[in-house]
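Note that the chains take the letters A, B, C, D and E in the order they are written out, and that residue 1 is the start of every chain.
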Amino acid sequence: MAGFIELMLERFKVYREPGYYKRFDYWWAMVIDLDRCTGCGACVTACQAENNTPVVGEEECGKGRNLSWIRIERYIEGEYPNVKVKFIPVLCPQCDRAPCEVACPVYATYHNQDGLNVQVYNRCVGTFTCATYCPYDVRRFNWFTYNKKNFLKGNGGSSTSFEPPLDQQLNPDVSVREMGVMEKCTFCIQRIRAAKDRAKDENRPIRDGEIQPACVQTCPTKALTFGDLNNPKSRIAQLAGLSTAGDLHYLRESGSKISDISSNPRTYRLLEDLNAAPTIFYLKRVMKNGSSTAGHE
Amino acid sequence: MLNRRDFLKLVGVGGAGAAAGFALGELTKTPPAKLIPYLIPPEDVIPGIANWYASACMQCSAGCGILVRVMEGRAKKIEGNPLHPINKGGLCARGQAGLQLLYNPDRIKNPLKRNGKRGKGEFEEITWEEGLSILTNNLMELRSHGEADRLYLLTSLIRGHLNFLLADFMKAYGSPNYLQYDLFQYENLRFANKIIVGQYTIPHYDIANTNFLLSFGADFVTTWISPVNYNYGYGQMRQGEGRNVRGKLVQIEPRLSLTGANADEWVPVRPGTEGVLALGIAYIILEGGYYRGGDAKLWKDALKKYNPEAVASTTEVSEDRIKQLGKEFATTKPSLAIGGETVSSYENGVSNLVAINLLNHLSGNIGKTGGVIPNPDVIKKSFNPIATIAKDASRRKIKTLILHNANPVFTTPETLKLKDALKDIPFIASLSSLHDETTALADLILPSHTYFEDWGDDFAEPTVGYSVATIMQPAVSPLFNTKGAGDVFISLAKTLGGNLQKDITWEDFGVFLRDSWKKIYERHKGDIKEANFEDFWNDLLARGGWWDAVPKASKPVRVAASEVSAHLSSEPAKFEGNDKEYPFYLILYPHLSYKDGRGANLPWLQELPDPMTSVVWGTWIEMNSKAATGMGIKEGDMLLVESPFGKITAPVYFYPGQRPDTISIPLGQGHTSYGRYADGRGANPIELLPAKTDPKTGAIPLNSTRIKITRVNAPKSFVKMEGVAKELGRNIVQTITPEEFKKMGKEA
Amino acid sequence: MSKAVLGFFPYVDKLLRAAQRLKDAGFTDIEVLSPIPIGHEIEHILGEKKNPVKYFTFFGSVAGFIFGTLLALGSAALYILPRYGKPIWPLTPTVIITYESTILLGVYITLIGFLIFGRLPCFRERTYDIKISIDQFALLVRAKKDRLIQVEQIIREAGAEEVKRVDEK
Amino acid sequence: MAHQQQGTSNISYREVNDDVIKSMTETGRGFYLVLAVCIVGLALTFGLPWAYQIYVGQGVTGLQSPEYWGLYLTNFVFWIGISHSGTLLSAILFITQTPWRRSIYRSAEAMTFFSVVTAATMVFIHMGRPWNFYWPFPYPNQREMWTNFQSPLMFDVFAIGTYSTSSFLFLYFGSIPDLAAVRDRVTGWRKRFYGALALGWRGTDREWHLLQKAYTFCAVFIIPLAVSVHSIVSWDFASSKIPGLNKTIFAPYFVIGAIYSGTAGIITLMVILRRALKFEKYITKVHFDKLGMLLVVMSLLWTYVNVTEVFTGWYANTSYENEALKYRMFTTPSAYLFWLMIACNAFFPLLYIFRKIRLSIVASLLISIGINLGMWIERFLIIETSLPRKFLPFMWRDYHPSWVEWSITAGSFIFFTSLFVLFVKFWPSFSIYEIKEDIGIPMERKGR
Amino acid sequence: MKKFLVYVIVGVVTFTIGYNVNLIYFPDLSPKQPINFSHKIHAGDNSIPCQYCHIYADKSTVSGVPNVQRCIGCHKIIKQDAPEIQKLQGYWDRKETIPWVKVYNLPDFVYFSHKRHVKAGVPCQRCHGDVAKMDRITRQAVLFGIPYARVSPLKMGWCLDCHTNGAKEFIGMQVKNGRDCWTCHK
């Protein structure tokens, strides 16, 4: 009995740990250099090719139901001729304190040991809550059975999203999502899995730069970098200016701003004041006339 | 309670119900999946494990190297080849979407013979034997009548050994008319380079290492020449490893392109006066004494009328701005000036480009790292041939036309009357994978492989200062009953006999390619060093190409002021239509995803939001909202755009990055016969253009007319993905100023 | 099988009077059947009724509290899926689940208690008359056979409109 | 026993039984007509569109990114709100021994139960994969998967589950004596049916005693439960980070709104029942008078919390809150709705201050319907003006409900009505024994 | 009327029962194969190791069905005249592949790697049963000649059984992150 109580107390201590994981096995993160990003959209198509995201057609696009997991947001400030155009690729930032995770009643989304915010498609019942709670609007929903739906209606033609033989392109490592489930960027978890598999065969840890999600891989300007934040020597840790272990600890434990921690003054996180602790670090764009907003001291 | 009879009835009902349920269960069972083993296992295939094959991207003429992920014989993904010097692992959206070309449901699956009136699109399926014999018979007949020179071959840009094969074929057959066509062939640029750099090629613009990039309408981020390479360069220029200065980009163009959006400064110059502005800058360079050459005096004389006051009034760019640009361009080293498609597409395109190139000469950027690096010579390509074809066809000079992947009908203005001219050709055969507008006019269609199914190679042009060849290998087995173009010509040569049989002796194109590469191997150059050809070949296939990373030392070119000034025109470009009736300049530009229209049949590209407007699945008209005031136009309204030569209807998008006197329309949509995803979508603004080609280069000037607009009531087709494009102080895209950035570098 | 007397009253004060007299005469097994609750009035005479239901309520609530806590925390511990940067055992949400389950089981078990002590549901035939559900108030007195006549007499005298002997099953 | 004259004292006990049982056993042509309309309407506006939606997918709705919540959720909150007054009011009035409760509480409780059921169907309609509807329930399964008890939706599952079962039991146990009364009067299948439902109730003093005790306990439980239910519904919204939704005021705001709409719902229902069943003698003007006063109170409270809600947003003065407020209050078309809601909920009910209006059945009906319309708009605006103005302006997009959503919205009203029509036919819709209590205990000497 | 109702109810109930009985108790657990291949003869009597034919099991996610060439490779010599071998020969001569019927099938959303399991030392029999005793591959587990269960139900709970602690018992190894959903889902 005493043993049981002891066990329960011990459990209690562990289970009361915020975030639960003291340290992720790997902490996958991305750095996006906005000064390099040109907004060319290669990442968008690469993602679509890798992750079996269906094409939805003109009508559905008009309703904002396109399924791209990454999008380029473009903001225009000012009027002719003083126009400032800014681009930012937005994809699921795999928040450490992800608001979507708490919303799901059936655990279809949760945080895994790699620091990823994971969506389990076949557990999803489609309550939409995660997408509503998501401040970044990166969650995408399967409104139809896209491999049955003709999206060219009204244009004379007929085609489903995976019209044969287009379906032969589908990546077998990624499931084709059923109607009624939510989906989102996974940081190309199938590639992470493959890399882990390889590393396990060779009995070594995953090397820095070994995994490149489709968007990172294709980026012509190399604006996107992916890697393990746990490894202070990794390229992204260097780029984000988080190259000491203390930084990481501080980042995980406190809700403070990245600008207080990072040694790179260009590092920031999107909508940081919402305290969702996203793990995508943007590097500020260098731009004449400064930002239109008070983004810096 | 329950008597016997009722009981029996109940039992009966129950039994029947159960049996029916059981039967339904049996019927609704999914049939078991099948496991199909290999008959003989392919050597290097493990089911469930991907193989990567190196190949070349053929979505545009940049010549990027790709890796194709193949699982169980089917291509699953394309990625940039990280070893390849052109794209360095990157790939643009069009390259990514190549898979949808391979798996396009609208690919031609069998050889087809015309079965009705030409152009009606009625075809019947035939076998390859029949198809080839029709073509052979036609060619035999032509030759026997002594009209071999009346065979014309029109292909897309082909630069690899297929080009040699086709040239050999045509030569042996006896026809000089082997033509290549692409709307964006950059002939003007080559011409201008001949004058300043001394080579009829496109040089390598070393964006990666430049510190000041002055771009005159060069949208190198999206489509211009070699976008992936330039994008890589751009990334390096801004935040490259080991750079201590962040390169600056100034974009001079009337419509803010994606490149302009990324620039530090945008100079919205009056359309057609970019050349004048360049000369104005040249004037400042000379006046400021930044030119180190001995012939400064001559240059000064030649350019004396381009003083800032005069230039400012022509270009509508302030004097101070011109002076500041000139000074900055001359003093920042290295600097680089490039002239892009917008500039080249005026009626005076060549002179604009010469003027821009002159800047590079005057500030000594040619042959320098971070400047203009001359490329190795390449085989001279044919003159842009569309006017020739139109002329020769209407003169009934062409008896037989063989097309290969070229689609001039879509990319030339109606006013050139190419479509009518083609009708005068007695026999047209098309070797194409897709049923495009030109193929629709053919009598015989022989479907060709896509670049995933065929052998081939590609010599990138421009390259990066040294020779780069990319190899293509059949990554997947052919999906449909198609043949590679090379194979078709080889088998034609065999059946035609004569010279052809003597010159073309290979059994198929793969063997031809291998034999040809033996010659390259025997020169023992390049990065692949192997003891025998077998290993060389294997390395080549594994690596995806061959390159010789040692740049050739360039010879200095003598540029004489008098010679150059002959090519300069002080006048702004002329536009068709008077400015009273047609108040707007028209700027046509290649769309990021479709370029000249070739990508419009790929749904991924259709659904890729245009970065500047976020429009998908259609054409739009970009217009400054200031210009629309008083016209009662709201965003999304359908506008009728009229030039003196044609009219189109498209929805309007209010775009602040647009001069109020200018309207821009992207190319690429408005297909009539290009598969289900492209047909009947948007409008083709090429229809607005006059029947004009550049007399020096044959290029079609895209920006050569003025237009007027009227609002019309037409069914709307306008889908944009953006909600509100204002940040509203939310700190979404945060920025720091260059000054802060500089300070930051010192601290770190 | 025992006998009992059932007397019907149109007015409650008469019934009360009869009950009082019966009580005085030493009859204890008196039951009132009525169309509306007249608990307060009759309790003066027949004595306060015990209310065992409250224990059910209490234990039901406690059980619900424990059930809710165990369910919320236990199932979270069974399949550990961290979310929102919060602990596996968060307190705030557990309180809500517990709160609801407390009420849930509280209500259920209270009503079960009512059924048990009200001897419901009971579908065998018991002494009853359909007039009771309309407007008649009845006294059901069980007594030894020899005293039934006395009961009848008391009830009649008190003003019952109808008195009958019934078989108590 | 408190005994007040409600104008009912001259009614005999027998008459009460007769009236109530007559409403159940004697079925006129009108009833069948209404029932037929309900069934056909239900099939056309509710069943078929839902089947279509399940077959084709949620895409047939107007939902989109970022408005993943639309009319269905609006209806869900609305019906949960309607459900509030019934049981809550009944319980509060029971505990405070308010006599005018007696003739209205049965149908009010039924209203509660049916609107909770309607609300629950909305949740399933709203689901992307409704065939997996049972996954959010915690039960042991071979997957060894449990549910996320941190999710506000799980709170909903528990709260609504508890509320619906509890209010059903509350309704049922309160009806047992009446079911017995019905049992005693009917014949045939009805006798067996009500016999089973009445559980063998005889009306002994012990039964009455226990019933009243148990009922009191339940009533005590129901009050905090009802408050918690709508608070929890409000947390579905308030626990998000979305501007316009993330507000601490939401729980009281929702609860007050719920009671408000529920009370208005009761008035509407009373007017209709009174006419349909000819129960003018039981539902008197006194009831409308009292409920009218209650509505004035609720209206003022509602106005207060609404103003507070806007104020907090205004004082926050972040771009997020400002844009959401601007969108709600000053941008067409939501501005029209917003000001219509203010008129319906804050101004018209103030007319109830006048006794004349309170006693006017027509005015009561109009105002109460107005309040319910306003409350529906309130829920619509809460969701549909917040979600389209989330954090990233690039994703802003307006929501346009599709015909399927409108149809199912209309269908939900028919669904509720159908349930109520059946209830009136199969259940004593007025508490027989409590009306009798109201009439008074029969004594030979009046006044004792 | 009432009787009719009773009939309808009885009919519906029995229909449902019949339907479910079929689905639950009569799934095709041992489908008929195009060739009567006997694992008993190959793996049992002749003790050919599994991976001799299922060559990809330790390399890939799939174990692979032996290709026809491999079958013919042995059967050129062995038992050429047996009728089933004649069938095999027929396929080979016609250059046709053999349409084997899948017995173990996982849904699209499951990621299962044979390689990881084989390399970890999980015996094939653990999931596929004692194939060396089966003439035709079956998923029906049999005790004393009476079918009582599935060889492996391929349900999530069953997978989790090993992935949590079960693996310890027979390979002495705990699965790392065994309860992470994305270990098995995709």
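We adopt the following convention: a contact is a pair of C-beta atoms (placed from the backbone, for glycine too) under 8 Å apart; a residue touches a chain by one contact, two chains touch by 3 or more.
Since the model is a prediction, treat every value here as computed from it, not as a measurement.
Taking each chain's centre as the mean of its C-alpha atoms, the one that lies farthest from the centre of subunit C is B. With A-E and A-D as the two chain pairs, more C-beta contacts join A-D.
Each chain gets a centre from its C-alpha atoms; the one nearest the centre of all protein C-alpha atoms is A. Taking each chain's centre as the average of its CA atoms, subunit A and subunit B sit 31 Å apart.
One finds 63 Å separating the Cα centroids of subunit B and subunit D.
In this assembly, the C-alpha centroid of subunit B lies 88 Å from the C-alpha centroid of subunit C. Look at where the CA atoms of subunit D average out and do the same for subunit E: the two points lie 54 Å apart.
Subunit A has residues 64, 73-75, 99, 102, 104, 107, 110, 123, 271 in contact with two or more other chains.
Shared interface positions of subunit B, i.e. residues touching 2 or more other chains, are given as 48, 722, 725-727, 729-730, 732.
Of all residues in subunit C, those touching 2 or more other chains are 76, 79-81, 83-84, 86, listed in ascending order.
Interface of subunit A with subunit B (complex): residues 33-36, 38-42, 44-46, 48-50, 55-59, 61-62, 64, 66, 68, 71-81, 83, 85-88, 152, 155-159, 161, 163-172, 214, 217-223, 263-266, 268, 270-271, 282-293, 295-296.
Across the complex, subunit E meets subunit A through its residues 107-109, 111, 113, 115-116, 119, 177, 180-182, 185-186. Of all residues in subunit D, those touching subunit B in their complex are 319-320, 323, 391-397. Remark: subunit D residues 1, 12-14, 17, 138, 144-151, 154-155, 158-159, 161-162, 165-166, 169-170, 173, 176-177, 180-181, 183-185, 195-196, 199-214, 217-218, 221-222, 224-225, 228, 232, 432-434, 436-437, 441-445, 448 touch subunit C in the complex. For subunit D in complex with subunit A, the residues that touch the partner chain are 56-59, 62-66, 68-69, 126-129, 132-133, 135-136, 145-148, 150-154, 157, 236, 239-242, 387, 390-395, 397.
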